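What follows is a set of notes on a single structure, which appears directly below.
Chain naming follows the written order as A, B and C, and within any one chain the residues start at number 1.
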Amino acid sequence: MSDLELAPSAGWRLRPFAALDLRLSPLAAVGIVILLAFVAMALFAPLLAPFDPAIPSLRARLAPPSWLEGGVAQHVLGTDHLGRDMLSRLIFGSRIALLVGFLGVAVALMIGVCVGLVSGYFGGKLDAALMGAVNTLLAIPNTLLYLTVLAVFGQSLLLLILIIGCINWTTFARVVRGEVLTIKRREFIEASRTIGQRPVVTMFKHVLPNVLGSIIVIATMNVAMLIILEASLSFLGFGVQPPTVTWGRMLADGRGYVATAWWLAAFPGLMITLLTLSLIFIGDWLRDRFDPRSDS
Amino acid sequence: MIGYVVRRVLQMIPVLFGITLVVFVLLRASGDPVSLMLGEEASEAQIAQLREAYGLDRPLYEQYAVYMGDLLTGDFGRSIRYNNQPALEVVLERLPATASLAAMALVYAILISLPAGIIAALYRRRIPDQIASFLSVLGQAMPNFWLGIMLILVFAIWFGWFPVSGREDAYAVVLPGLALGASLAAVLTRLLRSSMIEVLSQDYIRTARAKGIGPTAVMLRHAIRNALLSYLTVIGLEASSLMAGAVVTEQVFAWPGIGLLAIQAINSRDMAVVQTIVILAALIVMLVNLLVDVLYSLIDPRIQHV
Amino acid sequence: MSIRQMLRAGLVAGCAAMALAFAGPAYAQERELVIAQGIDTSGFDPHAHTTAAIEAIHVNIFDYLLMRDGKGELQPALATEWEQVSDTAMRFRLREGVLFHDGTPLTAADVKFSLERPALDESVIQHSFYDTIREVEVVNDHEVIIHTDGPDPILLNRVSRIGSGIVPKAYVDKVGWDGFAQKPIGTGPFRMVEWRRDDRIIMEAFKEHWRGAPAWDRLIHRTIPEDSTRVGELVSGGVDIATNIPSQDIERVKASGIATTAPWPSFRVMTLFVNTKEGSPLADPKVREAVDLAIDNKALIDTVFNGLGTPVRAAVTPGLSAVPMEYHNTFLYDPERAVALLKEAGYGPNELTLKLQGPSGRYPLDVEMLEIISVMLNAVGINTEIEALEWSSYNSRIWEPNKIEHLALIGHANSLQDGYHAVQRARCGLEFSNKTGWCDKRFDEVVGQSAVTVDPEKRSALLAEAFKLLTDSRSIIFLMQLENTIGIGKDVDWRPSPDEQLWMYAAKPKG
């Protein structure tokens, strides 16, 4: 297809990574603090959680948060429909949110960068074939693709991450390829060839710093998107299955209780929003840093 | 230009071919429509009989060849789930429902994002910008099934302003449209804001400002027009995500469109219907992208297609 | 007209239009009944589905020869009298003056046509439920004799269930079954007018129906897959009857003042299929017994279903014929004994790990059941590993032999409403046995005899022994009978029957 279909951020001319001014903006600071808090939560979940997230309690089914009427003191954020401690489940859920988000994007990044480099550098038939694959993937409605692929390969966490990675690499591939095409024509590539460096190495050295900015920005946005995607897949019954605790599944399971026990869905929803918020703050800040014109 | 369009259309054929193959293999590898249709009460002998009757006992490549042969003659196959009704008919009759939903979502997205994005860019880092940013983050962070359920609870059940579900009366599209359009509105707002900021910081705008042209006039004349280019591109790219979102939204609102059909067709491994939907959706996405590219070159005469 | 006047006029007109639109259409003369279910029909070919929820729609369009009443007893419908003429033949006298929706009268030829299709055509989905029927003989216009291959003690159950609806031969000959599936004709109290897939089925009263015209002018079945949306429609008055109300919403529905709820028991019994094949730790009967004793069925029902449901030790539910009801509303729970049994079998605490497989979204709260069972097994020292899959993937898995690793959650309904159907597939080489690996000569013998024993008492005794053998084998661990809840609008006078059908001829408007 045409070279016009670039990802939104792909058109920007970005500042090389090394030349960055990495001072934090207040919003970015907030974002980083939230993100670090979630990372700490995920790492130390067994120490932080007051209860085993899988153990139900018949007597404490659907207990509201402790500050509300009917709340139980030891269940600060209440319990779910099986009487499991909400706080503990939220803490353990942070693990999956971060794993799915970050690892999913990492897989996508690896595939996307490789395909983009190869496609852009070698061009010709290989390029046409790879871009054909990109267009095919982009043309199938994503949800349908996820559902059928998950149906084939099962719904374990690892598979979900791999599948997410294998479907989401197209944006990265396009960005990298676009950058390669621009740089290929420049003199220093030719120059490096004449002094005997292998062209692929050169590409890596020169292309990557240039695309790093847009890649990081897209990646942060993608992490947020993937966390929400996991929730939507759970809603359709294709999410990560128990006993793994995920915010997405908590939110999806809690949807039937919106009118009767709001905390089931409200807290995981809040977590997802907070994490997304922090990632978007960080992403915005990174983009400002990378984009030479944005701070005028 | 015409040559370019023809070439693009021709390029769609191998893509469509690839899609049918991918979907065929995935669906056939993942489950058996016959045992799904028969449920737990069926006997194994009966399953075997029906598999034979539907030709499902033949090797995969043979089934695919038969399917493709029919497809080339315009026969999209028959729906197993819907008592052998023609798949194309089953899918096409749903098109108006999904089209009206998507159109409504698009209207919302544009109506919200145009003013919000422009205002946010003009008042960058001030209160209006921060409000718009916060709302757009919220719009992106809220899964649309969740938004849909909240909209139903508040506006349909508590206030009783709109029907809870279905598409019987004219107002029925209001809530599902919003649920589907919200995240697109958020994406577009953020995009418009940043591309406006980019354009506003460009030299010719600064020059215009220096020449004493008022900011509003500058905005209208240059900035918006230039920013709209990427805005349009993204609307085109998001056409497929609207389709994807429709799967969830239609399920929540019992909206009898293609999304609802798709999820049920996948769940019953109704091959002919899933294939028809995917082919149709891919065609629409590719045509929208083509349309965007053509529009793009009309807006910006610097881009030439040969 | 000044601009200001124009604006004002426009505003007034706009408001008026809005007010009219929101007031809704104001017809009161037509009595309309709207039902919301989670799934749509697959079409109207009566032999092309096996789903109770679909039959619940069809039952208003087609009549059976016999029909169950509100208590589950068989009553005359299109057949007025029936008698056994020999071991393998039964004579049915047909009701006279019955009209199809197109005005043609019902004759014996239609009955022959309707019943012989599922009986003789192997490619029809309902075939396995009718394969005992050899021929339907037309005696005269209003009399048929059904010939079976051998004695068939449950022939009456067959002609009063899914797939036995009587259709007009002449019409089907004209439009074909694919055409019929779109525009069906029956003798029932409602005739199908329009079907918008996944949206609604619109039926109108058939005034010439043989029982007399129904109390409603229009009957509408809506498809609303999402539970919370369906409840929302019910409590906001959008629908009159809504099926499968989640337990947490029962209070909310009652508090709405618009609708109330009623228990809607189902024939579905939830079970754990056990892999007893060699190599599985559950090949040891002691381990199977330990698993059975570790599960507190009542606590499971209370925790997951808020108390709705009944513990069982076999696939027995009220309304089934020839089942030993002593297995209903009872269960075994003895965690200490379970620990002891595990020890005897050679497993100390946390030395045994079992895989719990199940579907996600097929049965109400299926994944939650797995989670609670897992906790209960953990409590007696069995480690568990849960594998939940969305239904279509899981379904293909349970049909393949050897795909059940240890324990698999499966729910079975009983559309023949008879004990034989509940156990017969556990015979060697049949579906249950292939999954569990359990095979018992004596069991096969008694089940085989019960199939050809017409005397009800002897038959019940044979089946009782079969039930005992199956339950004691613990190759299937029975958990509970599901109980759904149905929401009914305050303006509708209707009580759900025990057979999961939505027979709306019995519903009357209140006031």
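In this section, a residue touches a chain if its C-beta (ideal position, glycine included) is under 8 Å from a C-beta of that chain, and two chains touch if they have at least 3 such contacts.
Only a predicted model underlies this, so the values are computations on that prediction, with no experimental measurement involved.
A complete topology is adopted by the chain contact network, contact being made between every pair of chains.
When every chain is reduced to the mean of its C-alpha atoms, the one closest to the centre of the whole protein set is B. Averaged Cα coordinates give subunit A a centre that lies 42 Å from the centre of subunit C.
Inter-chain spacing, taken between the CA centroids of subunit B and subunit C, is 36 Å. In terms of their C-alpha centroids, the spacing between subunit A and subunit B amounts to 21 Å. Annotation for subunit C: residues touching 2 or more other chains are 228, 390-393. Residue positions of subunit B touching 2 or more other chains: 30-31, 149, 153, 157, 251, 266. Counting partner chains per residue, subunit A has residues 151-152, 255, 258-259 touching two or more of them. Note for the complex: subunit C touches subunit B at residues 21-22, 42-45, 48-51, 122-123, 125, 127-128, 177-178, 181-182, 196-200, 222-226, 228-230, 232-233, 235-236, 238, 390-393, 395-396, 399, 410-413, 415, 425, 430-431, 434.
Of all the residues in subunit C, the ones that touch subunit A in their complex are 227-228, 246, 248-249, 251-252, 299, 302-304, 306, 360-361, 367-368, 370-372, 374-375, 386-393.
By the touch rule above, subunit A contacts subunit C in their complex via residues 54-56, 58, 61-62, 81-83, 150-152, 154-155, 237-238, 241-243, 255-261.
If you check the complex, the residues on subunit B that touch subunit A are 8, 11, 14-15, 18-19, 22-23, 26-27, 29-31, 137-138, 140-146, 149-150, 153, 157, 191, 194-195, 197-198, 201-202, 230, 233-234, 236-237, 240-241, 243-245, 247-248, 251, 262-263, 266, 274, 277-278, 281-282, 285-286, 289, 293, 296, 303, 305. Note for the complex: subunit A touches subunit B at residues 1-2, 4-8, 11-12, 132-133, 135-136, 138-144, 147-149, 151-152, 224-225, 228, 231-232, 235-236, 248, 251-252, 255, 258-259, 265, 269, 272-273, 276-277, 280, 287, 291, 293-294, 296.
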